[in-house]
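Heads up, there are several structures right after this.
Both of the next two complexes hold chain A, though its partner changes from chain B to chain C.
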Partner chain A sequence: MSSDWTPIALSRDVPDGVTRAVCLEGSELVIWRGAGEAHVWEDRCPHRGMRLSLGFVRDGALNCLYHGWQYGASSSCVRIPAHPDLTVPPTIKANAYPTCEAGGLIWVGKEGAGALPALPATTTPVLSLAVATDGIEAQGLMRDLDGGRLHVFWHRVRPGKVMLHGVIEGSADVSRVAALMRQIRTQYEEGVAA
Partner chain B sequence: MPKLYDYVLSGSCYKVRLMTALLGVTYETQAIDFYPGREHKSPAMLALNPLGQLPVFEDYGLVLRDAQAILCHLANRHDPAGTWLPRDQRFGQVMMWLGFAGGELMAVSAARMVSMLGYPGDLEALRAKGRMAMRVIEDHLSDRQLAGGIWAVGDTPTIADIALFPYVMLSHDAGIGHEDYPAINLWQRQVRRLPGFVGMPGIPDYF
Partner chain C sequence: MSLTTDQAALDQWYVLGAVSHFPFGTPVETGLLGEPVTVTRRDDGVTVIGAGRSLPVRTTYNHVWTSFGTPARDIFALPEATEPDRRWLYCGGVRVAASGLRLIENFLDLAHFPYVHTDILGSEEKPEVAKYEVEQRRDVDEIWATKCEFFQPKAAAASDGGQISQYMYRVVSPFNVMLYKTPPTAPNRWDVIALFVQPVDETHSIAHPFMLVIDPTSTDAEIIAFQQMIFLQDKIVLENQRPALLPLQPGRETPTRADLSSVLYRRWLKEKALTFGTEPRTDGVAAGA
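Coming up: the complex of A and B.
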């Protein structure tokens, strides 16, 4: 699997108008969705360093909670409420990362990232689950289920912690698969995973 | 008129402020100098609550302590429809989460007091307990969301949500972010959208 792209959330968990804070390899990111489109940025307002994940989405733009600086989908600041008549210079921008959605997941890419890995065309989201472990053996770990297959993707939060993202290909009882994912969490945290 | 002995930075006092706001109950407050004055340990306050804790709430001639007990009282006296404290099979589940909010989840409060006010205590141990409590809530709410729900118990908000909400939100003050908790992230937005919602320092009241 290409390491250019890392899955960091289930698409379902960031519906329109929602911000979500994510930590990837110790870096703080914000995922937000406006007008249907998901964005992944550094979780930091360029004005005063406030976490943008504490802000709010309005009119398809992300607003910083601190002074209301508003950033559009292009990540450029489009409005500074304290200077309502100012045309904001284009150099004032949030730090945006390549973003895409596939397989029910939101992915963040390296600059110039290549193609996404092959993914199941249709998936049912299960859970994102924090697990105290250094990593699991394979990106896209699979477990066969009655009538379907659980794909477990993950990203490393920081040393000693990962976030699993489970999606089902085919059909299965989602609540039972959620319980299975929590069993996997327990196995990793107790150091007994196969 | 009901009276709340209040400290603005207290998540437990905020439970009462939030519930009264949601129910439209008007009341007066008396600000208590919890920090640094330790006024909650003064003879006058100990006469109202021998445990020396806030909040204290006076209503109908009663002097009530314990935020969860006050939530029950408010729902009992000021919500005749009984939606915030259902009397059907949901009652036991609501009580279960109230006990948790006043019990395990208070590790977040304790960590916050160490972190914010310099209280003595083992911050890392308290944070670990706080994270375990947050995980219990996250697992529960993610199951609720997979079943098509959003609230802690049943299809409508109850005092269980109001009891859980403050210290879940104030965990940031204790150094516990919400990165691990996608279901909590979606639930807390719905709490903040409730008609009449009010925030507090650290909990913005718009979104």
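Coming up: the complex of A and C.
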């Protein structure tokens, strides 16, 4: 599986009009969704460094909480409220990362990332779960269940902490899936491969 | 954490709190510039111990001031402190997990009023920051911003409606700043609101707001509650700026015309070669260059 892309959240957990802070390998990211589309940026406003995850989404744009600078879907700053008549220079941009959504997950890519890995076509997001470990050996670990199959993806928050993202293919009982994910967590935290 | 070696930071006067907030006879532990300090108030005065020695103490403007170094100047002059009809209000220390220099910059900033102090010090309908003037007064080594104007729905505890407030800002040392603002009840005079910042370490500070105001109607509790509400709103943004240290390297942040006072403040810090609370530079330029 290509390591150009990392899943960082369940799509369901970032509904339209919402921002969400995520930590990936110690870097602070913001995920936000406007007009249906998810974006992943550095969680830092280029003006004075305010975390953009504390901002608000309005009219399909992300607005910084500190001075209201507004960033469009392309990550360019489109409005500086302190200077209402100013045409904002195109050089003022938030730091955006390649983003895509597939398999019920939001993925962030490296610059020039290749194609996304193949994913099951129809999945239902179930649960994200923190695990005290350094990493899981593979993305997309599978477990069969009655009527469906659990796929476990993950991203590393920082050394010693991983976030699992579980999606199911088919129809499995959600509480059973959650129990299975907790079991996977226990196995990793105790140093036993699942 | 240990005492900084930054001489420019050492050679300054710092406030550790209002004198009246220290209990008699009981030593109070606090911190300054990375080093623990102990303040003791007695009937015959205040002592401050830090880095294994007695530090110089002043009680100017009813605050405890100290220094680890040799400040080039005495504590700044505040002529309003001699005016008999002013009320002296001490708002108490507020801990903020950020560089003290970030606190000063936030205090100098008009553009955040509509977003951080919504419908109090600013309104989203009128976010424009009109051109103002900034200068470095070399004779007193202070930064001033004058002719600042801003529409405010509720400028102070005594306001009963919106007004265009006039402001002046005065930075008297890297960690001490004040603003002058037209009071709702006396439009031909200036309220003074000072922010004395105690830099505990590079990314933790205690803000000590102090006011000398003309307000014959509000109670002390009302004025202090108003100021504390404003400051708690600022604390949220201050603790969420990245990095927590103030960047001095060009290109790390994006100033516009509304940020002229911040631009001059940063230039002045560079001139002083102050590095405590600033982000290490990666462009090979040394402090003070």
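Criterion: the second predicted complex is superposed on the first by the 192 of 194 C-alpha atoms of A that agree within 3 Å, B and C clash if a C-alpha of one lies under 4 Å from a C-alpha of the other, contacts with A are read in each partner's own complex, and residues count from 1 in each chain.
Going forward, a residue touches a chain if its C-beta (ideal position, glycine included) is under 8 Å from a C-beta of that chain, and two chains touch if they have at least 3 such contacts.
It should be emphasised that the depicted structure is a prediction, and the values quoted were computed from it without experimental measurement.
Chemist: In the overlay, answer first, second, both or neither for which of chain B and chain C A:V22 touches.
Modeler: First partner only, chain B.
Chemist: Taking the superposition on A as described, I'd like to know which of chain B and chain C A:V174 touches: first, second, both or neither.
Modeler: first
Chemist: A:I92 in the overlay: touching chain B, chain C, both, or neither? Say first, second, both or neither.
Modeler: Once the two structures are laid over each other on A, A:I92 reaches chain C alone.
Chemist: Counting only touches as set out at the top, which of chain B and chain C does A:L141 meet: first, second, both, neither?
Modeler: neither
Chemist: Considering only the touch criterion stated at the top, classify A:V157 as touching first (chain B), second (chain C), both, or neither.
Modeler: First partner only, chain B.
Chemist: Identify the partner contact of A:L10: answer first if only chain B is touched, second if only chain C is, both if each is, neither if none is.
Modeler: A:L10 sits against chain B, while chain C stays out of touch.
Chemist: Once the shared chain is lined up, is A:L65 touching chain B (first), chain C (second), both, or neither of them?
Modeler: Both partners, chain B and chain C.
Chemist: Taking the superposition as given, does A:M50 touch the first partner, chain B, the second, chain C, both, or neither?
Modeler: second
Chemist: Can you pull the chain A residues that chain B and chain C both touch?
Modeler: Looking at chain A, the two contact sets intersect at 54, 65.
Chemist: Touching residues of chain B toward chain A in the complex: what are they?
Modeler: 135, 139, 142-143, 146-147, 177-183, 185-186, 189, 204, 206-207
Chemist: Going by the contact rule at the top, pick out the chain A residues touching chain C in the complex.
Modeler: Listed in rising order, the residues are 28, 43-44, 46-51, 54, 64-68, 80-84, 86, 92.
Chemist: Which residues, counting only chain C, touch chain A once they are in their complex?
Modeler: For this pair, the touching residues of chain C are 105, 109-112, 114-116, 124, 127-129, 236-237, 240-243, 247, 253-254, 256-259.
Chemist: Across the complex, what residues on chain A touch chain B?
Modeler: These residues of chain A touch chain B: 9-10, 13, 15, 18, 20-23, 54, 56, 65, 126-128, 130, 157, 163, 174-175, 178, 182.
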